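Report on the structure given below.
Labels run A, B, C, D, E and F following the written order; every chain starts at residue 1.
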Amino acid sequence: MSNSVQEFNDYRAKMNDKILADNNKIIKRIFNLDTNAFAEGALDVKTKELLGLVASTVLRCDDCVKYHLETSYNLGLKKEEVVEALGIATLVGGTIVIPHLRRAYEFWDNLESQS
Amino acid sequence: MSNSVQEFNDYRAKMNDKILADNNKIIKRIFNLDTNAFAEGALDVKTKELLGLVASTVLRCDDCVKYHLETSYNLGLKKEEVVEALGIATLVGGTIVIPHLRRAYEFWDNLESQS
Amino acid sequence: MSNSVQEFNDYRAKMNDKILADNNKIIKRIFNLDTNAFAEGALDVKTKELLGLVASTVLRCDDCVKYHLETSYNLGLKKEEVVEALGIATLVGGTIVIPHLRRAYEFWDNLESQS
Amino acid sequence: MSNSVQEFNDYRAKMNDKILADNNKIIKRIFNLDTNAFAEGALDVKTKELLGLVASTVLRCDDCVKYHLETSYNLGLKKEEVVEALGIATLVGGTIVIPHLRRAYEFWDNLESQS
Amino acid sequence: MSNSVQEFNDYRAKMNDKILADNNKIIKRIFNLDTNAFAEGALDVKTKELLGLVASTVLRCDDCVKYHLETSYNLGLKKEEVVEALGIATLVGGTIVIPHLRRAYEFWDNLESQS
Amino acid sequence: MSNSVQEFNDYRAKMNDKILADNNKIIKRIFNLDTNAFAEGALDVKTKELLGLVASTVLRCDDCVKYHLETSYNLGLKKEEVVEALGIATLVGGTIVIPHLRRAYEFWDNLESQS
């Protein structure tokens, strides 16, 4: 499986467009909520992004992990902060999280090397 | 990951043959039950197919989703019916279902374009 | 664990009121979507209720199962229709679903005996 | 939640009878398979029981864990063997398994003290 | 199910003592790691506690949620911060998280009213 | 997705090296525990490997399944023993396990054909 940042973003954008063009009200609102939930509030955006990352990691959703890694990277979160969050996720979620940790590390490397 | 209908069906058929040739009684009976569970009963086959689709979607099993999408398509279920079922699955299962929704939409497009 | 219909509904209503009074926008909208998703659309309400039931059962959420059993009951779905849906859920979700099946049967009995 | 062995067995037996009396073919066959899968085969019954225990523990199904603990106990498996299996389950499944581990220890104590 | 803070803590402490007295090396080390993972590091303890809370909520582990709610409360996290974290968890994990949200709200009330 | 044994092992080794070089204490200790948990103890290594395989299968972690299949193969476990374990996993975890079963069979074939 390719872990390229560009390829991931392109596929994600293309399919999101298709899904939203379909005009299913429930799905559109869930997409909309997703934007709102990670906006500044009582918690700052960096903390919220890490919450999204940990939720995605323990639920073992590679694409969700990549998305939150990229947003974390763009927000200026440092690798050691991200890794501490991933460490908590691995402990809470168990060793079945490890294959996803490998792909997360690879994707983070790709984020750093494309800059 | 290729999302081609033919490729999916070929791999699925080849490996199912291998598994069934192995003669493990438990596994064979589970395969057999799978055929029975979706047959006409108190509920019609279309409804049952949608139940299988939603179960597969919230459990985030891409191959199971593809299988039920193809069967739904062949039974004549309309896209908007399938999408409403997927919308319920996304709401109940949360935004981690979204990557699977992208692949489901892509596979449905492939089903339509191969006809 | 008590499986009384009245007790379940009272606790559910009381806590939902507390949660909604708290005015967290994300949570309020998710509650709101939940009402919309099961309304008549391309699929009728009975089918949607069964989709919600199966999603809840394979995800092994007892309270969600009870909620959808009660709504199914009130919509006039027959026991054999509900049981066929639960059968599909047990097959797709595996034998770990069985303890939830026991509680579902007990709750359905309570729904019938309170009428 | 009571963790009494007798209470657990009584509820389980009563509800299984109700479910099986209902004559849903899929559900009956799944119950039947459950008996077959743990019978002596290429693997001995003690090993199979531990496999069932670990599967139930990582999937965090308390009632399934209790069932396999009781069968393990009756087959003469030693506590340290059972605990090693639970240790693997906790590592693979993560710290969210720990609350289930507490209830498993309590149930095992109850199995020992009722003899 | 009682949601009393004292009762929860007493049972948790009693069973943890039993488990640790059992001297299974793997389990003891996992307990030990659990303490270390939430200590101050690149991320502060409040953020880590919220990460633990969100991981526990999407994995739908009531006892883990209670534990992280209590620690969050003792660290001085405000209710609106905790609720924003729970909102993200409900969006990512879906409406099956809602029953756990009800119990989380009830437990937080109990934490506040016992002070 | 390629199912080649060599490719799987190479990627796994390369990324594990990266992760461990990163010196996050929690993650390093979890990796270390993983080695210890499957060492000879009250249970022999073959039994423990099957426990790891079943845990990985019901949690539907393909990479974990491959890892335990390879170790099982190297320990001299016979195919029919491995298949009985996979059969229990499929029954407990449900038909959503079947796509992982297909990939497990394919990987086992690759293990046999590379010897």
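In this section, a residue touches a chain if its C-beta (ideal position, glycine included) is under 8 Å from a C-beta of that chain, and two chains touch if they have at least 3 such contacts.
Since the model is a prediction, treat every value here as computed from it, not as a measurement.
Of all chains in the assembly, those touching chain A and also chain F are B, C, D, E. Repeated interface, listed pairs B-D, C-F or D-E, reference A-F: D-E, with more than half of the contact pairs matching by residue number. Homomeric contact chain A/chain E: same residue numbering on both sides for over half of the interface positions. Remark: chain C and chain D have CA centroids separated by 26 Å (rounded to whole angstrom). Here the spacing of chain D and chain F, counted between their Cα centres, is 23 Å.
Centres computed as Cα averages put chain A at a distance of 31 Å from chain C.
The set of chain E residues touching two or more other chains comprises 1, 25-26, 30, 33-34, 37, 55-56, 58-59, 64, 80, 83-84, 87-88, 90-93, 95-96.
For chain F in complex with chain B, the touching residues are 1, 60, 80, 83-84, 86-88, 90-91, 95-96, 98-99, 101-103, 105-106, 109. In the complex of the two chains, the chain D residues touching chain C come out as 1, 11-12, 15-16, 18-19, 22, 24-27, 30-31, 34, 55-56, 59, 61-64. Chain E meets chain F in the complex at residues 25-26, 29-30, 33, 36-37. On chain C, the positions that touch chain F within their shared complex are 58, 90-97.
Residues 30, 33-34, 37-38, 41-43, 47-48, 50-52, 54-56, 58-59, 64, 78, 80-81, 83-85, 87-89, 91-93 of chain D are the ones touching chain F in the complex.
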